[in-house]
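In order of appearance the chains are A, B, C and D, and numbering begins at 1 in each one.
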Amino acid sequence: MSLPAEFHALAKRVNNWGRWGADDEIGTLNLLTPGVVREAAATVRSGRRVALALPLRQDGVQTGLIPGRVNPLHTMTAINQEIFGPGTVAVSDDAVTMGLQAATHWDGLTHVSHSGRLYNNRPADSVTAHGGATVLGIEKAPPIVSRGVLLDVARARREDSGGPGRLPAGHTVTPEDLDAAEELAGTRVRPGDIVLVRTGQIQHYLAGDRDAYAFPSPGLSVRTPEWFHARDVAAVAVDTLTFEIFPPEIDGLWMPVHALHLVEMGMIQGQNWNLEELAGACAEENRYAFFLTAMAEPFVGGAGTPVAPVAVL
Amino acid sequence: MSLPAEFHALAKRVNNWGRWGADDEIGTLNLLTPGVVREAAATVRSGRRVALALPLRQDGVQTGLIPGRVNPLHTMTAINQEIFGPGTVAVSDDAVTMGLQAATHWDGLTHVSHSGRLYNNRPADSVTAHGGATVLGIEKAPPIVSRGVLLDVARARREDSGGPGRLPAGHTVTPEDLDAAEELAGTRVRPGDIVLVRTGQIQHYLAGDRDAYAFPSPGLSVRTPEWFHARDVAAVAVDTLTFEIFPPEIDGLWMPVHALHLVEMGMIQGQNWNLEELAGACAEENRYAFFLTAMAEPFVGGAGTPVAPVAVL
Amino acid sequence: MSLPAEFHALAKRVNNWGRWGADDEIGTLNLLTPGVVREAAATVRSGRRVALALPLRQDGVQTGLIPGRVNPLHTMTAINQEIFGPGTVAVSDDAVTMGLQAATHWDGLTHVSHSGRLYNNRPADSVTAHGGATVLGIEKAPPIVSRGVLLDVARARREDSGGPGRLPAGHTVTPEDLDAAEELAGTRVRPGDIVLVRTGQIQHYLAGDRDAYAFPSPGLSVRTPEWFHARDVAAVAVDTLTFEIFPPEIDGLWMPVHALHLVEMGMIQGQNWNLEELAGACAEENRYAFFLTAMAEPFVGGAGTPVAPVAVL
Amino acid sequence: MSLPAEFHALAKRVNNWGRWGADDEIGTLNLLTPGVVREAAATVRSGRRVALALPLRQDGVQTGLIPGRVNPLHTMTAINQEIFGPGTVAVSDDAVTMGLQAATHWDGLTHVSHSGRLYNNRPADSVTAHGGATVLGIEKAPPIVSRGVLLDVARARREDSGGPGRLPAGHTVTPEDLDAAEELAGTRVRPGDIVLVRTGQIQHYLAGDRDAYAFPSPGLSVRTPEWFHARDVAAVAVDTLTFEIFPPEIDGLWMPVHALHLVEMGMIQGQNWNLEELAGACAEENRYAFFLTAMAEPFVGGAGTPVAPVAVL
């Protein structure tokens, strides 16, 4: 079995291999130029800050269905230990074990491969057990700072069937949905932007139902990578676990959006971003563009990274 | 044995307990107001970005001397796994075990206690094995975004004895050193700023010698918390493992700066920040103030957090 | 709130504090004398070996209800890595993160405390975050080798209501049940024996239903510690998650059997032991006593330990 | 580069592929028959028990040279937590992260491969990141119970140059050394035995010097696998980190004994076994054969396992 012709046709249309040289390891993050960053900083008006990461806790979004993607196990390695003797200043330390894709995260460029290849024609077997991603690792990412644009599809589509401000589970987010949300946003998405697509699905998790959150889930259509490619965005993040519509649109074609973004475009993508407070802030201030930082933790060889993004309005 | 009178006198002078209410859990991060953030964004000129985190790897800065503070163990939980069947898109995932204080990090407010107390008169025993920091946890921190100011003490003191651009191991960074570095910076440190104090000590680690990096180490004097308190800064970070001068200035008084910052002032502090590239950029652009984000990963109950800070010039 | 008088009366009757000296840290494991071991070895007839541990895997018996008691996360840290150069012998290594009480395990003597006390009147606060069990740790356990006796209560009670060879969920295992199983076993339990009590409850887990396995669960009555104390056994292990009847017999008295065994008697106890194959073997050979080793992994400061017991018939 | 002809000649002479069928996954553990076990049990005379595992602690034998093989990080996930409310029985739990080959352990059959092959002609790439050892995993091992024979080479060779009862670092343990130790033991090694070869090297670690322990190290010669093959032993364990002589005998031929034992013979092997107390007991009782259990922890897909062996004399 192999990927269908339809996929390969899409792949050809969004492919960025070689665009930034044969040795490039960061893909669309090349679009984060000083000029883009300057313009992003210029969007700051109110100075309001909105954090977009979920709390890191053992009852996180992972349900156990994906082996290895474990919720954070946070443990204290010292509690008020008087390491220099009785009566001295006391120390508390802690440690964690967690899947790098377990909570609010970026998928790195090696998170998926297809047909034996990673972005920029690198071989899939360059990912090894002892070295992790020996090319294209998340530690190669430059500082992720840009203009963020919230595409609040849930609001733009005034979806009520899925509850207030939430798309129903079966809703495939199409390019037309992105157009509608862009119009609501009142700004055109431009090269180097980081786009945040809101479905409202994370409301399930925030309400304590992580099974409903997981899937079925609304998500991006296989047609949306072309939209992002046309706008030349630097990255895309969403408020779902699966990123793309799940179960998938095309029978037997699993994770096509992952493959188009990560492998063909060389574009990192974010999942489990909490966009609820941000949606409220954008609606209040009636603007959907802001300064965004979403720094990768520089895990050497990482296929992904937890991220604590912040929007500054 | 208990802490000397000298310590208690210093403590009284910098104490912030009750300043933001009896229930406050974030201390000097209260100083990060929208106005401060707006002014910080206005410092952006060139759009140059500088990352300040060390790579996360197993041969990180920890030497094993502090039990439990383990360097990151990064492992792949899947490599090119065709989870939906042969020929489908393949997935690579990873996981990590690490001390939260192991690499570039923020000390959270519960990282140290003295005399049975944490910041804002909270009891030290509110830190528990199963819940971590049940008050004052790092997940309580608001988005850490402000103006950053580099106080390049190594450069200001033109220290050659410790090698080019590096203070010698025994150098205690005094308020006078901070004054000199502030003068070099050409800007006065103001309320809400995040101050980055450069000693150059991290050059040892970057050159492969983590024992030399660990200690003896230059670091902040017990007299500097008053300086930071007078300027009313939001946080302080440094490029050393020990933060403060180590071995300490006053015989038998271990970690007094930690105790003054974290317990008395309620001010988080950062260690193992790589300020080398930033120092070069600031010297080149001849300005030492910039936009800084240094988001805590929101570990529930965390006594600290890894951080991937970015300075935007 | 405190423990009821009924509990304290039971506690007094089974208490072993001081029996092996004020400094004793191993409790009833003192009963494992050379003579007991010799007699145990003499039980071997067929040479048949039966392993009693469940496989260690991520879909283990833990359901997530007990925070921190995580199923094993097994990861490869190297796969066929030619560490000495191309064409040389290649190495695969692995690592694990797991709760020590997650799978087939021994509860160590510090696993529970009551009224601020551990076994032998040691203070509960001798358990610390940085040191673990600073007294009574599992690493103090001598080699756990003795005569094992299977008390197959499920078989003795010919319980059909809970399915073939399995006690129903609400069945409290009483001293009378133990008497009946002992009669079936055809041997009297004697000092130093390790008693394995079979309920059949683990069949739920083996059939893939870990929720049914967890609870409600049949288990030992609060009256059984006196039985074990009278027989002077060295340890007791069972094939359930909760060890004792759960929910408990006496309203509001949680985990009394744990407290009586671990704190009062100083007797370690085992959970999640797979006794199914052993039950078949004992029935076939028509004898229920055998040579048993069930070595603690010597975790320094451990409150428990995974164990891979083996019965030799 | 490939393995030299000399290696392949040795490999051919000790190869067991197909001996127990094409599907066999346990190799020489097939030799652990009921008869062997019965005879092993019959060796018990004094009932004396000797544990052979090193304590599991963060300052274990690993020095950090082998990435991923991390010493145990033991943390408390609960300390005296009154999970059912104030005044109830309180619970302490713990967790661990550790390399499976970090301490006293068995190398499983997939721990090394050569020429793309594992034992019994299985492909090396059957070891995967998500599944571990999908064939030949350590969980396939039957209960490891047999007669143990201590071959105290250090004592037999009366080596004083390396200190009392310890071979010098450069000593290659030869078949002639094994003959001498067997003569000292007063029993002939026979099929199914588990042989413990003592060098005394672990005295370095016990004295606090783990660098001296690691290497250079005395160890088994490339000629010894033939000796073990001729005796048809079930397994071999030693008191060193490297198992075989290190640096190796033949320039550029790294880890040949590992490859011969694990890949060619299908024989698991043990490292970091503490044989010091056992050596004293055997000398005292003047017999070197005993009952041994050394159960693998059944990690599904494990390339190795920590082990807590016990000798019963």
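General remarks:
The definition used in the following text is that a contact is a pair of C-beta atoms (placed from the backbone, for glycine too) under 8 Å apart; a residue touches a chain by one contact, two chains touch by 3 or more.
Which protein is which chain? UniProt says A, B, C, D = Cyclase family protein.
Nothing here was measured: the structure is a model prediction, and the numbers come from that model.
Chains that touch both subunit A (Cyclase family protein) and subunit B (Cyclase family protein) are the following: C, D. The rotation that brings the Cα trace of subunit B (Cyclase family protein) onto that of subunit D (Cyclase family protein) spans 180°, given to the nearest 5. When the interfaces C-D and B-C are ranked by C-beta pairs in contact, the top one is C-D. Residues touching across the subunit A (Cyclase family protein) and subunit C (Cyclase family protein) pair largely coincide in numbering: over half of the numbers involved belong to both copies. Centre-to-centre separation between subunit B (Cyclase family protein) and subunit C (Cyclase family protein), using Cα means, comes to 45 Å. The distance from the centre of subunit C (Cyclase family protein) to the centre of subunit D (Cyclase family protein), each centre being the mean of the chain's C-alpha atoms, comes to 27 Å. Among the residues of subunit B (Cyclase family protein), those in touch with two or more other chains are 67-68, 70, 73, 75-79, 92-93, 95, 97, 128-130. Viewed as a network of touching protein chains, the structure reduces to a complete graph with every chain in contact with every other. Subunit B (Cyclase family protein) meets subunit D (Cyclase family protein) in the complex at residues 58-59, 64, 67-68, 70, 73, 75-79, 81, 92-93, 97, 128-130. Residues of subunit D (Cyclase family protein) touching subunit C (Cyclase family protein) in their complex: 1-3, 32-38, 41-42, 44-51, 53-57, 66-70, 72, 74-80, 83-101, 110-114, 124-125, 127-129, 132-133, 139, 142-143, 145, 254-256, 258-259, 291, 293, 295-304, 306, 308-310, 312.
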